[in-house]
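Here's a structure for you.
We just call them A, B, C and D in the order they show up, numbering each chain from 1.
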């Protein structure tokens, strides 16, 4: 009962001193740029050459009619829809599979986590090679089967799943680690009680494990959504947005518009759209998560 | 899954599941093995065929060429400087703020916490253009500071540390207070040592993130001698493909990944343990 | 390569760097693509001993560093081709503006219109570069608003690189040894089918993966052959979704539909396929000539008998896509007079060695070089002499990179995603219109 | 030096008043135990003395100095926590000297004090261990040692023994008592365990709902509880509190009428016919065939030297008797209880004692 009462020692001076570094950096490198980005988006603002003209919301009007913009939004959403559930599910399955003691399981954990430490350049290189229809890892297999090698990265329907596959391989480590952590905290007695209750493996998973780790599940999903919305490197390096813009993502379009076409104002308007989109999705997730908690 | 004794058939299922997992893990590693194999083959051979997992004919020329280039080691150095300083700063900044949020009471605490959490929803990609113009105005591009500074205030880091510090028994702090410790001493001598697992986890993830960061270094570090490994590799993949050949590209990938893989193998046992203490609550 | 030899080179390279580091040289930064081949050419001091774009430009820089008498040192930064202009643009913000940079004539207006380049006429006069020696078209490329902004260095165009043995096998070699090439769309397809039947190989190899837009260059060539200007001279209008455009696009789609070309090839893949004797014609630029010639002669490649041909006039006049590499001096307030002097000296040195660059296969832009006996003696040059006259470039308008990229994406959709030519062209028209709208 | 004064000290969280106002003088060298049921505010009071809780109203003085605005670290108090609160990453030695280091005490002095404390608590073999390598009792000793080396004016103990098993608790109890004799320092000890309070305290402070119910030596409180709450809280087994009516009032004597029985008592004050509560310690009750109080046996507990009879009075009220007689009734038997030697407490309707005591408390 000791200490239960007060929320913390009242020490505003010390507290602000402790918070100062974070909020100073936060204000300069996150809050201010966010507002500056909005400011820039109200301009025809060129990257090089210093051309700036206030044009109000014209950039946003342009966005509204920009087919490629909507296409990239669609692609990005598609990518999120492909990766977030599969990533979460795969991470959970792997975590269940490698959770526990023993040397073998420790090695397996390392294997599945290891691919997370590679840089995006390496990951995309590896997967571009694996999936190449020309020199790819699967080419001998196709040849042996007498099938024309499938050109994954140039296939209109397979390109995005290919990028998702590479992303899955790259990114499953962190959510898996989070799940492993959560699994480690499920009280052992629960399993023992279930064992005595003759619960099947499936019902143990459904009735005990999943409810016990549902906060982690929510955390993983939110982190995944935030992360996958920002996809850039994989698409940029594996397909350059092709074929026919089927894999061009929003961030890629922002980058191209800003740094290739110098239209920084227009790119900033897109960045604001990305922000709003992600903000909305995160809120929705948290709201759903909270609702689930109340129920 | 459980230490409880299982029936015979359940044991069999366990073994089958484990077997499947092992098979999957082997599949998981194949691309990496293949890339390593290619990096050990002569380019002439690779022009003919990239198939096979045995590096024969064998060569280490691809690696020799890399070291000779001197740029790759330099990029590695930059990545290390950036990743290490970013990690250190994130840890300091996050734990200080996390401690204040977890254990101190002050005006506007809830509001500030919400403002901090809201930062989670601001994607870096949404602010990289204004950041780019800011650093341009300050003339600070192509410096380590430019690569590190925008990534230091990490809401998720503060959140993690706050959660962790909240779980530390309050009596420890009170005991320290009665032991004449100032808030800073409490933070430094009691809270920080206790949070080593959480710090390790946060540090590891920050390090990996910093090491793999792509978009920001791509636009901020435009001098070849200021590239990080990730950007540098991207820059030579195209160049190498034109001139040096596939083997060199693969060697550069393997070479650049080695330090972080080694680091990972050293620290991996902290990953899960640390997450368990930090985020699982 | 033997390790001992390699180590010796390594030691040498280290020694050289050491020496250079201690001298009080005026360093000028040199920004370019063309790849990084320090491993093979880092120590080659004579441009004449190097081959290929990358090798020759690397050796040229080495040679300048070794021979110049004003204490100038060129420090090269090689940028991946795909990111080159993004990086160059970024330098204006990030502060390492290069002293000399390569630039395509198609990109020049983007920079010159925003006053980002140093006008060079005075500098050229000072160091003695004779602008009258340039081919008029090249000089025009380097000039916007009557101001000279660049040293034109080449004219590069699309070519048909030919595997003569395979052509012979298919019966496409004339009595006089010249290559029989199609003269109409129908003939191209029928010849291609025949070739495929007789040799079992692809008739055409080319980059087909959206990264280089090789087929956009071919498509633009076909448009000009039909007398249509893809972009109007004022840069306001595009003529893409036209009957002519559809004809050209339909032919390109047919090439893939009939299996005459492999859709899976990226740029290096296409080159490799050609060198491995897997295709009769490689559609690629002038820059490959020297490389393929030496590969064929080395005996290491499957390709033994290499020839070059102009892109034929399949839709009429044999017009062909062309662009130009040029050297520019990006504007930099902080550049010292010494650095300017050194940069101009380097540009002059490059101009003096224009012939070396022409050895890559690019067409020279100096009349004196073109008229020289060495140039005439270069392999295959007579094969594609006509290309110089056929070469056609887009008008000097802004945002050509965006336009090219958009067209590449939408055109490639025909064989990568099965889009119909009319739809592909409609998409191209729309994307390009949207970009042109921004042009001022 | 070690004198602690509370002057009308109050504490509230927002609008919730936890401690309405407590005044108390604790003398130097005294061992004072705060006792009361959980939630009575005893820990809060202790933490207010320590400086770990803000004081809403009133004043706390330590050694004659008002300390309301003095930070915990500067009050010169040491505290032993319920959960020991040992720094897990520090060795026993480091744990014990941490406070002295913060004070900037000279190294030699630190070493000397550490040696002394370690010797007193027999901690020498464990000095280099981490807390997790110690047993519960050892940890508690370290926690106490940490307080000792500081040589504080006032020791505060916050339920320090509640996490130990019963045997260890008894042992530590005596150790702390010994320690108090040896150090002679002021000690304030919080517990909900009346046995600890009875055995250790110089004075006991009984708290209920943030108020002091009674302050006094253990015997005073046991023999002369000021009200039924104090009577009910101290003593084991618990005192029997049986409702009745006060009749036959004389000047000093009266009778309490229970359901089916009459018990003569001595009172001061009280009104004829008022509802009262009769307080009878279990050892006052004896078994006698002619005893005035009938009851039906529910449970019989044999504890060796004594036996406890749990029975029900005719009014349905439960009663406990502590017996030493060899013969025992069986469950379901109707017995008759008589009153032996010992105080018959009477509490009025408000629970206040109206018992008349002979002479001063022993």
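Just so it is clear, a contact is a pair of C-beta atoms (placed from the backbone, for glycine too) under 8 Å apart; a residue touches a chain by one contact, two chains touch by 3 or more.
The structure presented is a predicted model; accordingly, all values stated were derived computationally and were not measured.
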| item | value |
| --- | --- |
| Per Cα centroids, the chain farthest from chain B | D |
| Centre-most chain, if every chain is reduced to its averaged C-alpha atoms | B |
| Selected interface, A-B versus A-C, where C-beta contact pairs are more numerous | A-B |
| Geometric centre distance via CA averages, chain D-chain C, whole Å | 94 |
| Centre-of-Cα separation between chain C and chain A, whole angstrom | 38 |
| Distance between chain centroids, defined by C-alpha means - chain A, chain B (Å) | 15 |
| Chain centre separation (chain A, chain D; CA means) in Å | 59 |
| Residues within chain D bordering two or more other chains | 47, 52, 81-82 |
| Touching two or more other chains - residue numbers and ranges from chain B | 133, 171, 174, 177, 219, 234, 237 |
| Residues of chain A engaged with two or more neighbouring chains | 2-3, 6, 10, 135, 259 |
| Residue numbers on chain A that touch chain B, as the complex places them | 2-3, 6-12, 14-16, 18-19, 21-23, 25-26, 29-30, 32-34, 36-37, 40, 94, 96-100, 104-106, 108-122, 125-127, 129-130, 135-137, 139-140, 169, 174, 177-178, 180-182, 184-185, 188, 191-192, 195, 201, 216, 219, 223, 226, 229-230, 232-233, 237, 251, 254-255, 258-259, 264, 267-268, 271-272, 274-275, 278-279, 282-283 |
| Contacting residues of chain B [partner chain D, same complex] | 169, 171-172, 174-182, 185, 189-190, 193-194, 196 |
| Residues of chain C touching chain B in the complex | 1, 3, 6, 9-10, 13, 17, 34-40, 52, 54, 77-83, 87, 90-91, 93-96, 267-268, 272, 275-276, 300 |
| Of chain B, residues touching chain C in the complex | 44, 47-48, 61, 64-65, 67-70, 132-133, 135-136, 139, 141-142, 218-224, 234-244, 248 |
| Residues of chain C defined as touching chain A within the complex | 82, 85-86, 89-90, 92-93, 110-111, 114-116, 208-211, 262-266, 269, 273, 399, 401-402, 405, 409-410, 412-413, 416-419, 427, 430-431, 434-435, 438 |
